């Protein structure tokens, strides 16, 4: 017993050194930026962070918020337990009063829970799980669409464009779902199922596959057997290419509609080449869109290329850019103060019509803090570019049906 | 009532017959030697008795209870202690090495520690208790093997060449030990190549050759039996 | 009916690729007795090598073999010589943890150097297929299957008829005795690790036409290779090939007729059962495996 | 007087540890301590099996079994986690018995592979069996406060729970090592045939160690589930976090000893967090590169772990206080 106690004394001083890196407090607005920038979500985590970073640089060039420069306190949510300790570190060590972030729903669930329990504002700009804004926390807000909005975009497109094109009524359309079994794929699959019931779409098969699996032939075979009119795919990253490749290899001539994630990556088209033509995708706003309704998009892309030396890799940076600007506008109106009541009043009063932000979304928060005017657009890969095809207002090309 | 009764014990490794149809008894309190040329099957017999190797045929009874099918750990608890020809100490200090078998008899570590110390004192190893077996002489390590086997409070102790590799003075020191062990009530069956040690200590001797028991009797009878001599020295035309 | 045949064919083709990846591990695990946790990373490194040769010098994946294979052979030798050789005398556990360190190092260096992007190679033949009587066979996968078969045969002949091959097999059975027979065991370890890396590279490169690479792709390959090597039996090349096909077909049928989510679980269960019933593997020769913990 | 220095230092250390939550209000620092205590417990539990020479890389399976059983009993049936503990212990006992079959037949790397496969099977089942475990969507533990529900507003209660768990685990690990089971395990590890010949029932001893280790891990898993209030298979069954990390702590701390794994956990856990927020933010993945290098260097240059560095100090310290060097 005596040895344990002696050891404990040693470990306390060890821990003192390792955790008290307190940063100096200057005249700035400190906001926490929590994204998974290492681990298997590193790519999309970093892309999402870049969107918020561009918004911060732009706003600071225009004088910052209420005369103060905005400073991001960086956090790496590589795992759930990392998300938790980073959130607590940012709140205590860096004294941030608001945090934005996250891209991955499970990281956001943990981080926003920690923030809510300390009455610190949590602005989610990219994670789509419905549950994030359904826990009744006053301090959790979300500017981007939920997985239900994704499915609403898909269902509307299927009913209003695909059905007439195929000459079928809504309840005759057969839909197959192939989704990775992580939290992203599961939440979209569940949302789609609920919406399909309401609108009469028949779901003929739901195939969940492990996101570490390197072969999807069995998914293709089961879809071939079910023979749906369209396959709704929810792929995390490389499984998007894998699905399309093996669909072609094994003769599954059915149109595929992705749900963001792997299908929104430029490397999806680069890897597939001509096979990618015609693959549909529902996601945040992409870059080939009718810019009349997305003011500020060109400016974002210009600054992104200036800062990171290449074209944005996915729509998630744009979504984070738009969300960060919404937060900065709120803080502008509250004069830089993070007082919960002030922020809540200003946020609830916000009322921007669709087509007046960089992503084309409107901004109107419901009582649970969810932006109800965030919607998903249907895009299609055409000659290596992801062009918006639906709804008509945002479309730059007519959608085509490629078997 | 014999302590150990062996009937038609046979063991084959593939085609090679290691032990062939052996039958013998050992009475409680006896010191029995086991001799034979290299490869006669002596160690295999020890492995059969201690359960490391399972017999193909024949029966093996200890104090009336059959050992066939019992795993080595249960045979040890039934009363069979054995040492290995090549010493195999655990990587712990000497006292702990002896405590391991002692702890199969009692769950209480302090009782086991006391019992182990007693055995070490008897084997004259008490002062090396906290040393690691690695830096002790071969003779001392051999005695640790015996001490470990003794700590299981065996009825029958199988000693596998405890004197091999020792210099004459060490042999002289260890020799009385065997009789001393028997006086504590343990029956001893021991393999040894040193004839004078065998003659001095063994009351009865079993002779093995090519897996078979070719002769048994007092040391003097055995050394004058021509089959034994033939087995050791070989001869021009085999008649025996 | 041809639906079942199609599932069988795709299972066999998949099995061929799995065998190709596992041959390297059989050499390393069999000869050098190291539970190599960085095996999947060797495959990943070769895939990145093929990708960059394609992206920067427009070199076709199949041609890039000329560069990737020798490079990976050298990498394997260097890895064994400077990182694993010094710890060879420590316990099996320490060697295993060294390879875990190597695996973590390689994954994150890949993340730092080449970012988290998934990269794919786009060639005219990656989508080409042969179609007859309703069955479809993808050509790049067939090439990979052929390469696996060829490698097994070549390796089998090498191990059986060349002196070096016999030396390696002797080491697999009992490296202590092999040393007594005058075999320079350490030098053969270098060769075994180099060959292991080379065959893993062959697997990685031939997969590029129909697969994409990202830093953490190695993990599932490592687990898979262990399952196949143990099922196939240590040191038995034929065993590895048949075990690879076995797992490929199991995965295809389990995924199609049970559930795609559970196909990996099913072959891990089979792995556990075989490990308990026949630890030396379905086709292994059993000898020489006591030393590393088989009853 | 010298004789009591150890006691005084010990007492002081214990007192300091108890006062930490009062001095540190910030939950981040408390979180680091709590996480470290959890890892001390987990490494000590893992170490119990290591005495017998069996290296499991599948302890995440027992950790997750404990977490899920405890959480599901609470969320679905409203049974307080304190009662749920019995369920967690029972479930991990069953898991342990399943894993005991390969344990008897296999040793060394092959047993380690069996533990990895065992965890993988459970992880995939947990993901696929959505209506029980909610799969990857995750199981949230509702936020109703109270000791009975193991949910608190401040970080202090869980600090003390984790501290108690750590002390308990280390005590159990120490008790096992110096008990009959401990000696038999160490004997079986160094020479199983010789041990068997001396009456050590090899299979029984190894299975007992496995079951103690499994149930202790499951208990820790349950408390961790309520501490982290979001359960999902990817985290709880994670190979890196709960199978590999305890083994790493033990290796770097000092294998097969009682205090080695404790030192390993105390050294590695804050280091992991420290590396992440200092290096991780500078360059993606840099912290893991350093982590990998530390691992390779430890195995290469001081296989005995930190403890082997400390023992010379320990010996000098013992001589200083005139201790006759008992053999512990």
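Couple of notes before you dig in:
Per-chain numbering from 1; labels A, B, C and D assigned in written order.
Definition applied: a contact is a pair of C-beta atoms (placed from the backbone, for glycine too) under 8 Å apart; a residue touches a chain by one contact, two chains touch by 3 or more.
Since this is a predicted model, take the numbers as computed values, not measurements.
Minimum number of contact steps separating chain A from chain B: 2.
Relative to chain B, the most remote chain by averaged C-alpha coordinates is A.
For the pair chain A and chain C, the distance between mean C-alpha positions equals 36 Å. Each chain gets one centre point, the mean of its Cα atoms, and the points for chain B and chain C are 50 Å apart. Distance between chain B and chain D, defined via averaged C-alpha coordinates, is recorded as 44 Å.
Rounded to a whole number, the gap between the C-alpha centres of chain C and chain D is 33 angstrom. Looking at chain B, no residue sits in touch with two or more other chains. For chain A, the set of residues that touch two or more other chains comprises 38, 42, 46, 181, 208, 210. Residue positions of chain C with contacts to 2 or more other chains are 108, 111, 115-116, 215, 259, 261, 264.
Taken pairwise by the contact criterion, the protein chains fit none of the simple patterns, being neither a path, a ring, a star nor fully connected.
Those chain pairs judged to touch are A-C, A-D, B-D, C-D.
Residues 178-180, 183-184, 186-187, 190-191, 193-202, 325, 327 of chain D are the ones touching chain B in the complex.
Contacts from chain A toward chain C in the complex involve residues 38-44, 46, 181, 207-210, 212-219, 221-222, 224-225, 237-238, 241-242, 245, 248-251, 262, 265, 267, 270-273, 275, 313. Taken in their complex, chain A has these residues touching chain D: 1-12, 14-15, 18-19, 21, 37-38, 42, 46, 74-76, 78-82, 84-86, 88-89, 91-93, 106, 109-110, 113, 117-118, 129, 131, 135, 181-183, 185-187, 190, 208, 210.
On chain C, the positions that touch chain A within their shared complex are 3, 6-7, 10-11, 14, 108, 111, 115-122, 126-127, 129, 131, 136, 138, 141, 210-212, 214-217, 219-221, 251-252, 254-256, 259-261, 263-264.
Across the complex, chain C meets chain D through its residues 35, 83, 86-87, 90, 92-98, 100-105, 107-109, 111-112, 115-116, 215, 223, 226-227, 230, 259, 261-262, 264-265, 268-269, 271-272, 275-276, 279, 292-295.
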